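What follows is a set of structures to go through.
In the two assemblies presented below, chain A is common to both, partnered first by chain B and then by chain C.
Moving on to the complex of A and B:
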């Protein structure tokens, strides 16, 4: 047996155990995305990076422990690194949560919340399946252009999203969202007028308006 | 009367939210009390103009975080009237239950915040140390009230499931039955707690009488009213919705950011004390018993806090019955609905609602599908002038039996204001 020290918490594990498994045993959570036990262990998402005492970053899911060792598992520096890695991963993801079957139970959404990554809309946490989306019933909901992180509480309670969490800033998501509004027969001016209630003094709202104007045909 | 002279200001009253300025000046010849609300005006009535009427209830609910449900529901009713929409009857009952739950929760919390005045303790913290059982019991009842609310409306503050032409949360029959049972239990527990409260609750300024005992409540057409089309004044005058503006005079006051209201040129009050008097024929046996236990003297404005407690008992009983009747009527569940609306409607809607602090009025006009006019009169605005008149009478009453000084008058004026349960952010909506 070897002793592993994770952020000061000691845990005894079999030699050859990964840091991620040791952390699980110690009750410490390390964010990870790509690890599938016995199926895939390629350490490709790089979200589970931890720091050794020598300052080296290693993936917790693949790094096996054969002697007593110490790791930093959660620190501001690691969070920043994980955030950058996650943003890079997310940049390849076509965010259209309103159409996605995983909405309401999405690992990407919960990780983005944990790491403080912006650009994921409220739809990612909305419990309504895509076919029951309020927008398809003609009810104006701002979920598509509002930052997630509220567990879609208004929609869960039976209402619609009013945008109180603030606008998302990712341009491609906004473009797709406004196109979707138009597809469903909503006037983008009405959407922006509704959004003004909470976002009138939010700087990101100006950027959002520009994107909306471009989607509409560059009139405004 | 002995000669005396007092002049002081009060800028903070514990347990009253918002910025205020009470100015007191008096001697044996004349006494003046000014209740100024210094909270910045918030222009809700102005910024809803030109907006989609559907949005208005959600915006109006933001007038107050404490009593958001009553603003939401009252605004919803007024907007629906203006748009010519008739919501389903079941959803109206749900709104009644939601609003009643808010009255219950607000009353309980205000009793807890004000009871130190009547028990010789400085504040709620000291009260919690001296009477830990009573404190924790009221807190427990409050938590259970909020739990019941969650089953009805979801989130308590700025409830998203209630809106104009819309009801968003499915409510199942078994939930309604559970709510009815829980409310009956709450009523029983409030009743038994009243025995303990009666032992420690001492009257403040016993013998002092309200010099202007006129009040305004909702007209009760069918049971204890939560919404109504008419107002009822203590002189028996019934005012229909469209005549309220001619009856209630709204005044701008130079030292306050809130308006004051008068009825026939005189101040009037509103709130639990007014309601228990006006609806004495509608009170349940248990409420009557609590009123007797607490020895509520309706002539004394401080007794409003006791009246709030008694009203909490009344509300739990009424709501338990409403929930039971609704459960008997509903087959499986109350389903969410969105009613069709004309996008270019024109109309006017006025709604009166029983708010925790008194009578609330929302008045809207819609032109071509956009908001054209809004007027809200809150209970604190109605009570404001009454507080001043009672404050002046109270100082004179104190002077009749001694020589009042600042140290004596300051806390009692603060307690008087607290007893009215004012909400200053509401007043400057």
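Moving on to the complex of A and C:
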């Protein structure tokens, strides 16, 4: 048995255990995406990076412990690297949560909450299945252009989203969202009028209005 | 075929492939050792002379390696052969490798008994009859570029310098490249005649531990880039209890602007094979692999031929030199990706899988090829091993720095007068290499920066040229040693564009396994592209630095770990150029197309009309004054007019054109 020290928490594990397993045993959570026990252990996503005492960053999912070792799991530096890393991954993801099967059960969405990355709409947490979406029933909901993180409380209790968590800033997501509004027969002016209630003085709202104008203009 | 050094001299020689003699190698040159016979000694002496001057006393040597072939050495070989056969001359023709002095290419060497050995540079096939006549009939060497020795018997000897007096030759420390350009790379006999295989012969008489100790004592560090001590790597591999073990020579050299491994393997392949055999003996492996880049076919075929030749004479195979040590080598062509040079990806490629790197530890020394302990060494390291074992560790450790001993081959390319491969002791300053050996910047330009370590190295500004070339100093300056490629960048290059160029390469070569490298490099490229198009913002610089640092620290393998170096080092040393692109929307070096304009200076214009005739978009027209002018709206800034103008009337300006509204036009 070897002693592993993770951020000062000591835990005793079998030699050959990965840092990720040791952390689970110690009750410490390390964000991770790609590792699947017995299936894939390629250390591709690099979200589970931890720091050794020699200052090297190693992936917790693939690094096996054979002797007493100490790791830093959470520090400002690691958080920043994980965050940029996750933003890189998200930048290539086509975010269309309102159409997605996995909403409510999405690893990306929950990780984005954990790492503080913005840009995923409220739809990712919506409890309603796609076919029962409020928008398909003609009820104006701002979920598609609002940052997630509220657990979609309003929708869970039967209401619609009013956008209190602020607008999404990613351009391609906004474009798709406004197109979806138009598809469903909403007037973009109505959407913006509703959005102004919370976002009137938010700088990102100006950008959002520009995108909306472009989507509308492109149709003409 | 006549008697060669590799054959038995007389019946008394007991050497045979089934019962090899331990002193076989020493006996070839200094022999015979087991019996004394004047005739046998004479036989060897005569053969050595034949190797030097050819069987008929006159010899023409033509270098056939990739660099000389590219400049037309094959035509010269044909021309020489034709001429000699047609005129029935008694001259033997042989081939050799390359000196590494690429500005001489294609060169040709004439030797004859009693005459000085002459080297002619930049030869053309039509010169051949004249040169042969001059040298072999008129005994005139006045048109030679350099002589190897002087005899006082040939005409014009005084005017031609000696090779040993040339700056590019005497200022080098040729240790591992000593045979390059001198011996025939396809002849085992010539390699042994110049002292080859003595290292193996000596190693086999020592215990493997003693060999490792000798390498440790020499302080040899891996020449592939990371600089891990070779002796320690071997010791770890030897200490593993799992068998069988393997040794691998990494000849997958993919950096643009680096070709020292190719030069070594094409000019002196037996040295690499000898080094690999010693490595196999030291760690206890019976099988070795040479992993060669498939894009360098001559290098692969030379190594393959050398392996077959060594096998034929019992220097590979069972019971090598009567020591009871079995070893064989297989030459493997790489899968052709830059990432194959990464050791774990290389192993995957040998195993027949996709060349993806994997997380280390476990290191290949613990779990490598097919899960067995494997020592992976660069070919230059292995050539060093062979030389160290022949000459002793002290001779090797006499040069170099405190932490890194010995010499290193560097490729100097780019904007220099004498590009080529130069071998100097580690710790030599960059200035020595670039200015004294390579001759400094080409006429009409100044050195702005040097890119060290290939596409994943860093740009070091001209003000830091006095830095010594060793692993630690380069790392702290933001570059890496890499394989030793040095690209000299002159003041006509834009550093943002240079960084973008290197990222184009690394982002295309990223294997895609981990996404900091896959996505991060793409995003870095996008931002640099945006800046060179003049659309960059100051925010972009912050993002650039954040993403570059993340890619550097979070990537899985060394490719991603070093790929952002060009960006980080240019940000560190050439921030003013980034700021000029972003704030002033100008390109100080006048390279980025979106940020420059071409105009015609009417005072200089001679109205010849060449610019208008060559313009691909018809943007140039004749004015009322008879002179020409460029319509900036139509101009695509291809630069054709700038090149064709005979009087230099076309001028470049480091500022994009502004529309009347003040908005930039791209």
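Criterion: the second predicted complex is superposed on the first by the 217 of 220 C-alpha atoms of A that agree within 3 Å, B and C clash if a C-alpha of one lies under 4 Å from a C-alpha of the other, contacts with A are read in each partner's own complex, and residues count from 1 in each chain.
Quick note on the criterion: contacts are C-beta pairs under 8 Å (C-beta built on N, C-alpha and C of every residue); 3 or more make two chains touch, one makes a residue touch a chain.
Model, not experiment: these values are computed from the prediction.
**Q** Touching A:198, do we find chain B (first), chain C (second), both, or neither?
**A** The answer is neither, since A:198 touches no partner chain.
**Q** After lining up the shared chain so the two structures overlap, which partner does A:137 touch, if you call chain B first and chain C second: first, second, both or neither?
**A** first
**Q** For A:85, is the partner it touches chain B (first), chain C (second), both, or none of the two (neither)?
**A** It touches chain C, and chain B stays clear.
**Q** In the superposed arrangement, does chain B or chain C reach more residues of chain A?
**A** After superposing on chain A, more of chain A is contacted by C.
**Q** Who does A:158 touch here: chain B (first), chain C (second), both, or neither?
**A** First partner only, chain B.
**Q** Looking at the complex, which residues from chain B come into contact with chain A?
**A** So the residues of chain B in touch with chain A come to 51-52, 55, 58-59, 153-155, 159-161, 163, 167-170, 336, 338.
**Q** Can you tell me which positions in chain A touch chain B when the two form their complex?
**A** 137-139, 153-160, 162, 190, 193-194, 197
**Q** Taking the complex as given, what residues does chain C use to touch chain A?
**A** 356, 358-359, 361, 513-516, 519-520, 523, 546-547, 549-550, 553-556
**Q** For a test of understanding, state which residues of chain A touch chain C in their complex under the given definition.
**A** Of all residues in chain A, those touching chain C are 42-46, 49, 57-59, 62-64, 80-81, 84-85, 88-89, 91-92.
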